[in-house]
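Scrolling down, you'll hit the structures one after another.
One chain, subunit A, appears in both complexes that follow, with subunit B as partner in the first and subunit C in the second.
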Partner chain A sequence: MTLLEIEDLTVRFGAGPGAPAPVVDRVGFSLGAGERLGLIGESGSGKSLTALAIAGLLPPGATATGSVRLSVPLNAGIRRVRPVPIGPQELLGQRERILAGLRGDVIGFVFQEPLTALNPMMRVGAQIGEPLRIHRGHSRRAARAAAVELAARVGLPDPERIVRAYPHQLSGGQRQRVGIAVALACRPALIIADEPTTALDVTVQAEILRLLSGLVHEEGSALLFISHDLAVVAQTCERVAVMRGGRILEEGPTLDVLRDPREPYTGELVAAARATAWTGVRQEIGP
Partner chain B sequence: MSGPLLEATGLHRSYPLPRTSVTGPRSHRHAVRGVDLVLTEGSALGVVGESGAGKSTLLRLLLGLDRPDRGSVRYRGREVRPGSPATLRWFRREVQVVLQDPMSSLDPRMRIGRAVAQPLRSLGVPGDHGARVAEVLAAVGLEPEMGGRYPHEFSGGQRQRIAIARALAPRPKVLVGDEPVSALDVSVRARILDLLAGFVTTEGLSLIIVSHDLGVVRHLCDQVLILHDGTVAERGPAAGVLDRPAHPYTRRLLDAVPRLPV
Partner chain C sequence: MTAPVPAGERTTPPGARAAGRWSALLRSRSGAAGLALSSLVVVATLVSFAWTPYDPSRVSPRESWAPMSWEHWFGADRLGRDLLSLVLAGARATLLVSAAATVVAAVTGTLLGAAAAITPRWVRAPAGHAVDALIAFPTLLLAMVLVAVYGAGTETAVLAIGLGEGFFVARVMRAEMARVLAADYVLAARAGGASTWRIFHEHVLPGVLPTLTVLLSLVMAVAVLAEAALSYLGYGVPSGTPTWGRMLHDLQAQITVRPLVLVWPGVAIVATVLGFNLLGDGLREAGDPRVRRS
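Let's look at the complex of A and B:
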């Protein structure tokens, strides 16, 4: 079943004849339930804006055209505080009230820098439980109990105690675990992770990737994984789309794209990544 | 075999932590605990470690920007004592640094020709500064005419080239790079690494590259030092340490690096 269907998505800053070229240019892809797609590209390729456009979080001044269709699953037995329309629906141009009901409930977001994504003045337990209070109407007490459970699921040590901590008291890896717990709280059908491990050390990155893949698999959520790191995407996603200059150049099964790229740019990207990637063997750059 | 160029022995540096009790003794964080290091002429040494391993503290000590609690840093046998800029001028001519983020290490209001010439002026290097600027800009693959432009007019990769040109201007023997390619896109990264490797072979430059990225260190360095928790976990020729890690921490680090499927 197709969960997310994107067609001709175009994002531009400003309008009219003198406006600059679109930063996301006629992007299209689809994501099935439980599928994991990696969106890869260098800085300025438009990958993050694509993700933000899907969730209706574009910065002021940016406008999106085209189509973003999400099939909101009926999750039987769930009481939603903010009723959201069920079934396939267009998100672009949707009212903010509806989008706010979908974000954190049907669409979970994991950001790059958990320290800026988390509220410094709020205990992490309250932040993990917040989506449940907002979307499911949990009482303070029920949300707290759920937060302890979620903290344990994302592998935070001593969950009973750690939910009372503030973000600055945690390590970078622990903060990202909190970020993942917040995103997973309402068991979203779609998780969008924007460079979730770029700010982390390699050993922590390995743990977080394992955790994210495992939980996405257990929950059956679909994952849109945005990264500049080919090796990280290859480890996490079965399909990959390569972006450059706002466009998707090619898309396909990860191994096929890496081994036999159709576009010269993808070939260059793979070669450059191989030259400095850790392969265990010294590689030479260039001719 | 060439002799030692930059040498550190028994470096210790600790910082006081914020007080947790009014009366109790103040606790300290031991950022660097007994690190020895030797950089031989014409060699490239990679210092690898994760956040909190003591990389930045070690780097500050090696550059004479901070005074060790114990131990010393010597350059060709002469002790590097942090003090007034004038007392270290001899050292700055020999050892230069390239930092991670070129945008924040270049003055946004200074034309890059002037920025590249600055170490020549401040270190009192004799000779035609304009000619030297043109020379180093050409060496990093930029047009000498670009000297009239401002940092924001360049891409991230070009800015890092400018930072390298500035570091090379006073003809140092040692270039220290603090994560010199981490802020760059992968395709640009390969070119900058290539450029640095070129200076080692053609100019006899020696490198210290501080990085968390094992691929970068493997590509550029012949010697490697693995820093963990302020101490040296393992050291030796890059090929040996990275192919046959002996220390459990090195193994854990190597296992964690994401690999591209072949």
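Let's look at the complex of A and C:
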């Protein structure tokens, strides 16, 4: 079943004849339920804006055209505070109320920089529980209890204590575990991870990547994984799309794209990845 | 996800959080000093309702400009009124006006600031321009307009000072709220499905609270002095009521002859202003987990 289908997605800043060229240009791809797609490209290639456009989170001044269709699954036995329409539906131009009902519930986000993506004035537990309070109507107490469980699931040490900590009291890796717990709180069908390991050191990167992969697998969620790092994408995703200058250059199964790139740019990326972390990656992807 | 509360799991008891704030306030040096100083002022004000050494309006021509003595600790003024009694009684109107004006400023500033920062663009843009225009409007002129409409009185003084300062608070709040709204964690909250209202009270208000606390302690200080200025012009508190501002004004001619008489209302104002400033500083420290000493 197709979970997410994007066609001709174009994002531009400003409108009219004098407007600059679109930053995302006629992008299209689809993502099945439980599938993992890596979106790879250099900074400025439009990959993050693509992700934000899917959930209607574009910054002010940016407009999106085209089509983003999401099949909202019917989760039996789940009480939704804000009812959302079930089944395939267009997200572009959708009312903000409905989009807000989908965000955090059907679409979970993991951000790049866990320190700034967490509110410094709020306890970690309150932030993990926030989507549950919003979408499932949990009381403060129930949300905190759920936060302890989620903290344990993402491998945070001493979850009972850590939910009472503030973000600045945690290490970078722990903060990103919190970020993943926030994204997973409502068991979303789609998780969008925007460079989730870029701000971390290499050893922690591998841990977080393994955690994210494992949890996405357990939950059966689809994953849209955005990165500039081919090696990281290769470890996580079965399919990969290469973006440059706002367009998708090529897309296919990760192994095919890596072994036999059709675009010279992809070839360059592969060569660069081979030069840095290739040895480890080959073991990870396997045959 | 329906997570049963694990047995033995104890969430923070409701009182513990507040107690943590209090002890954090007392641990910060400025918080403790500010709390002590402002409590002293508040206690003195409360005492004045029940007791002052003399009736503050008792005129005694024989004791005109009586020096400091056991009978008159702070001395007496030209009409022979006891200065200590006047300072104590003056605290009532002064504190009432400045505290009420601070509340008005806090509410006006936060609401206007929010209107200029968070609302949809068609509200936000005019609200922003309104704040810019209103901040250029002198408090004194505002007071004159209000006096023309409602007549002079305590309420007019409170409203004039509160609104005038409120526009200034709104200007700062707009910028502060815009700063918080641009933060990554607000985007993250939106990505979690938070509504604008939820973002406002869960993220924006706590985010601007430290700045607001410090700002309001300044506003309170300015209000004490503004009340004096308004009373001086006859726009404020009725003329029979003693206030520190009015005392300063009445006594200022004596500065070269009897400088000591001016010291008392002056010290009272300084103690109040300093007390509330330090308290504001302490509250900010206690409210911010990143600088709180624990």
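As a convention for this text, the second predicted complex is superposed on the first by the 276 of 287 C-alpha atoms of A that agree within 3 Å, B and C clash if a C-alpha of one lies under 4 Å from a C-alpha of the other, contacts with A are read in each partner's own complex, and residues count from 1 in each chain.
Keep this in mind: contacts are C-beta pairs under 8 Å (C-beta built on N, C-alpha and C of every residue); 3 or more make two chains touch, one makes a residue touch a chain.
Nothing here was measured: the structure is a model prediction, and the numbers come from that model.
K.L.:
Look at A:268 in the shared chain and tell me whether it touches subunit B only, subunit C only, both, or neither; answer first, second, both or neither.
P.N.:
first
K.L.:
So, does A:209 touch the first partner subunit B, the second partner subunit C, both, or neither?
P.N.:
Touch status of A:209: first partner only.
K.L.:
Once the shared chain is lined up, is A:142 touching subunit B (first), subunit C (second), both, or neither of them?
P.N.:
Second partner only, subunit C.
K.L.:
By the touch definition at the top of the document, which applies to A:74: first (subunit B), second (subunit C), both, or neither?
P.N.:
neither
K.L.:
One more residue to check, A:57. First (subunit B), second (subunit C), both or neither?
P.N.:
Touch status of A:57: second partner only.
K.L.:
Based on the superposed arrangement, let me know which partner A:21 touches: subunit B (first), subunit C (second), both, or neither?
P.N.:
Neither partner.
K.L.:
Quick check for you: in the superposed arrangement, does A:1 touch first (subunit B), second (subunit C), both or neither?
P.N.:
neither
K.L.:
Using the superposition described at the top, list the residues of subunit A that contact subunit B and also contact subunit C.
P.N.:
Comparing the two interfaces on subunit A, one with subunit B and one with subunit C, no residues are shared.
K.L.:
Using the touch definition up top, name the residues of subunit A that touch subunit B in the complex.
P.N.:
Residues of subunit A touching subunit B: 42-43, 172, 201-206, 209, 228-232, 234-235, 254-255, 258-259, 268-270, 272-280, 282-283, 285-286.
K.L.:
In the complex, go through subunit A and note every residue touching subunit C.
P.N.:
55, 57, 82, 100-105, 107, 109, 111, 113, 116-122, 130-132, 134-136, 141-142, 144-146, 148-149, 160, 164, 166, 168, 179, 182, 185-187
K.L.:
Under the definition above, what is the set of subunit B residues touching subunit A in their complex?
P.N.:
So the residues of subunit B in touch with subunit A come to 50-51, 156, 181, 185-187, 189-191, 193-194, 212-216, 218-219, 239, 242-243, 252-262.
K.L.:
Which bits of subunit C are touching subunit A when the two form their complex?
P.N.:
1, 3-6, 9, 11-12, 183-185, 187-195, 198, 202-203, 206-207, 288-290
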